[in-house]
Amino acid sequence: MALDALLSRCRAWKHRHLLGMKDLSKEDILRVLSVAEACDSLRDEHPLKGRRLFNFFVEPSTRTKTSFALAARRLGGEVIDFSPSASSLTKGESLKDTARTIESMGVTFTVIRHGASGAPHFLSRLVESSVINAGDGANEHPTQALLDLLTMKMRLGRVTGLKVALVGDIAHSRVARSNLWALKKLGNDVTLVGPPTLVPRDLDAAITSDLDRALPRQDVVMMLRLQLERMQSGLFPSAAEYVRFFGLTRERVAALKKGAIIMHPGPMNRGLEISAEAADHPRSVVLHQVANGVLVRMAVLLLLSQVAR
Amino acid sequence: MALDALLSRCRAWKHRHLLGMKDLSKEDILRVLSVAEACDSLRDEHPLKGRRLFNFFVEPSTRTKTSFALAARRLGGEVIDFSPSASSLTKGESLKDTARTIESMGVTFTVIRHGASGAPHFLSRLVESSVINAGDGANEHPTQALLDLLTMKMRLGRVTGLKVALVGDIAHSRVARSNLWALKKLGNDVTLVGPPTLVPRDLDAAITSDLDRALPRQDVVMMLRLQLERMQSGLFPSAAEYVRFFGLTRERVAALKKGAIIMHPGPMNRGLEISAEAADHPRSVVLHQVANGVLVRMAVLLLLSQVAR
Amino acid sequence: MALDALLSRCRAWKHRHLLGMKDLSKEDILRVLSVAEACDSLRDEHPLKGRRLFNFFVEPSTRTKTSFALAARRLGGEVIDFSPSASSLTKGESLKDTARTIESMGVTFTVIRHGASGAPHFLSRLVESSVINAGDGANEHPTQALLDLLTMKMRLGRVTGLKVALVGDIAHSRVARSNLWALKKLGNDVTLVGPPTLVPRDLDAAITSDLDRALPRQDVVMMLRLQLERMQSGLFPSAAEYVRFFGLTRERVAALKKGAIIMHPGPMNRGLEISAEAADHPRSVVLHQVANGVLVRMAVLLLLSQVAR
């Protein structure tokens, strides 16, 4: 697709920030996916020439930060990297000062990852650049949900009417939360699977702790990363117990419906929530998810740049 | 301004290194400011194409390092980043070896920040690239003084005949020192304000510990960052005491002369040397200082590149 | 040389990875050197445009990482940097997942430095990009040997029939090992000099612990970095003893054959394995080694790109 046609498809976009899937309509989401698919054929086009992205990661990250940087550079933009230790930014005030300081050097996009839910929203009210939430506490991680949807679209041909299971520690997962909002808006059937202590009751989805029963019905099985620090918290008995009830073992892969795909946001704990066989199985699309992450972030930057200062 | 006209204005420059404001004449300083103003209109010009800047920060920094990197890239130059821990560079010899090693890969500018006063001067005698002092101990931080002057020029219309107060821990501040030399050379009236334990007696400026009395006369009030580690040193009683006598509180902002501006080199300790109200006040120019930092560093690179190898 | 002529010289290359000098034939090595020399005259040519290099340094490094980055960028390629703490990558599985994850974003070359011998070989069987060994444990560091050979060729006019002494801690040195394989393949006469505890008996080279006797015969004296952590291991008595028997002191420099050169892979321990006088002596080529490192790595990237995906 020519760049002009692609940009004209971006023009209807109205949001200055991307803070969460909760704020996006069904049409918004489909527009991101459509622009992302078109981005794959861009070559040597630099619609973001002269624009800068500030990669502000207060929580450590490798893949997400790199993915945003590559997305910006593929569109001709520049990247400013800053990964302070959280301890050097203890107060909200200094978060604001840091963002505004870098912004003063000329910044169009501020991509922020922060351990506190709502930090990107707080920042969006204080700065002039377009704020993109790259993960805030246990709240949202919207570009992850978008890349997951793009992967479903590419592999399954649609992003509606699917049966999707999110498996694991739902309560502490921003990936689960962003995916849930998005999947429901698009008319999918979502089941949350996990130990009762790790699955909130108040979310708009079916809930079960019986993975084996839920598995054969799903088009998509999305395994969530188990935060190892939760292991000591007494929320569930032991790693072996967790694997027995909620791990995607070789046997469970064999029980999947024909055509179903295995997803994981990474990084994977091989041998814990996902076995090595499942991770490397032909049905696993984890590497496609990563590749699609760059496309989705290119799309987000192009769309926001219609509204950005 | 066309690039050619800009470059011709650079030709009279004679210094191979920028080590401190002490080494610059009044004419030198005015030339930097004039080139910096012209740099703002450069677009898609790459006079530093093929040249590399080595960002060698032995003391941590965010804004200064980023500012130098942006300045180089806006002129088409490339940046090599290196921020070792100070402990991995304990001896002067290894400082030299590191700089010369990186230089061997092809470097035009070595920007150095170091905790020891005189480290850039030491380095300038051992390497072939142009050395730029980005802060050495409590000695100098010349590009900070230049960006402060540019901000005064843009906001107050002149850099001579001004009344300027530098407030806080003068003794340990390279920002104060560089500004003092520069302001005096240009014919300004400088007052140093701070606790007697933190203001050296031997500097060429008026001295007072009575901020309230000095404040209404100033065109520029430059608040210095209080190094929190000094708090434990017994040089002054407590944070509350410091704020009471030397903090730029809301009340003190109200006492400022009409048209006076508030400056701070950042990062700010909000609630300590500067209140949130003062930091965000319309008279505060802290974000202009940051933006001007990029322009001043572009000017310095262009000027030095006339003489650099 | 025109880029076309240069690229045609690359076409005979058959290796997808560069894992060690052990895998290269004499012809391979000479080809790298010849392409490297030609790379020096490349200007504004971008044969690697659109290709990305993943700089994956699990062990810290400055010069090697920077050198690979500069080599890629001089050829128009892009660089993704990732230097995790070794502790965050404790299992081989996560090494693989990390490499494949970054690769999924579009990577042509994976440059890896790792504390474990064989890590690059392990990785090369699991990823689709071309793997380049930038140092693995005490095994190999092939681009270091190649840049050392290029320096000998440029300074001595040949890389065969030379007498070369490798001096110091041979047992733990990947630099020594890669140089030894390469030098022997090209028909040079290698002598290993060091304390008996630090020189393996089973290598294909002459061995001695009498540096003073070996020195006057050598065309090349390559001093190895002494790992200071070995000092506590009891493998040799003390720093003073080490200098006395194996340090390249001023007196030993005076005993060198006419035309002999002094090499060191850096970083140098001045005053330990090499004196300041030797390091800065006209016979010392340590800075040429660094400059040649960029050329050799450009050559390696160009050659591998013939075979890379």
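The first chain written gets the first letter, and so on, giving A, B and C; residue counts start at 1 in each chain.
The definition used in the following text is that contacts are C-beta pairs under 8 Å (C-beta built on N, C-alpha and C of every residue); 3 or more make two chains touch, one makes a residue touch a chain.
Just so it is clear, the structure is predicted and the values come from calculations on it, not from any experiment.
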| item | value |
| --- | --- |
| Same-residue or different-residue interface between subunit B and subunit C, half as cut-off | different |
| Fitted rotation between subunit A and its twin subunit C in degrees, CA, nearest 5 | 120 |
| Centre-of-Cα separation between subunit C and subunit B, whole angstrom | 40 |
| Subunit A residues counted as touching two or more neighbouring chains | none |
| Contacting residues of subunit B [partner subunit A, same complex] | 62-63, 66-67, 69-70, 73, 266-268, 270-271, 276, 279, 287-288, 290-291, 293-294 |
| Interfacial residue positions of subunit C with respect to subunit A in the complex | 50, 52, 78, 80, 82, 84, 91, 93-94, 97-98, 100-106 |
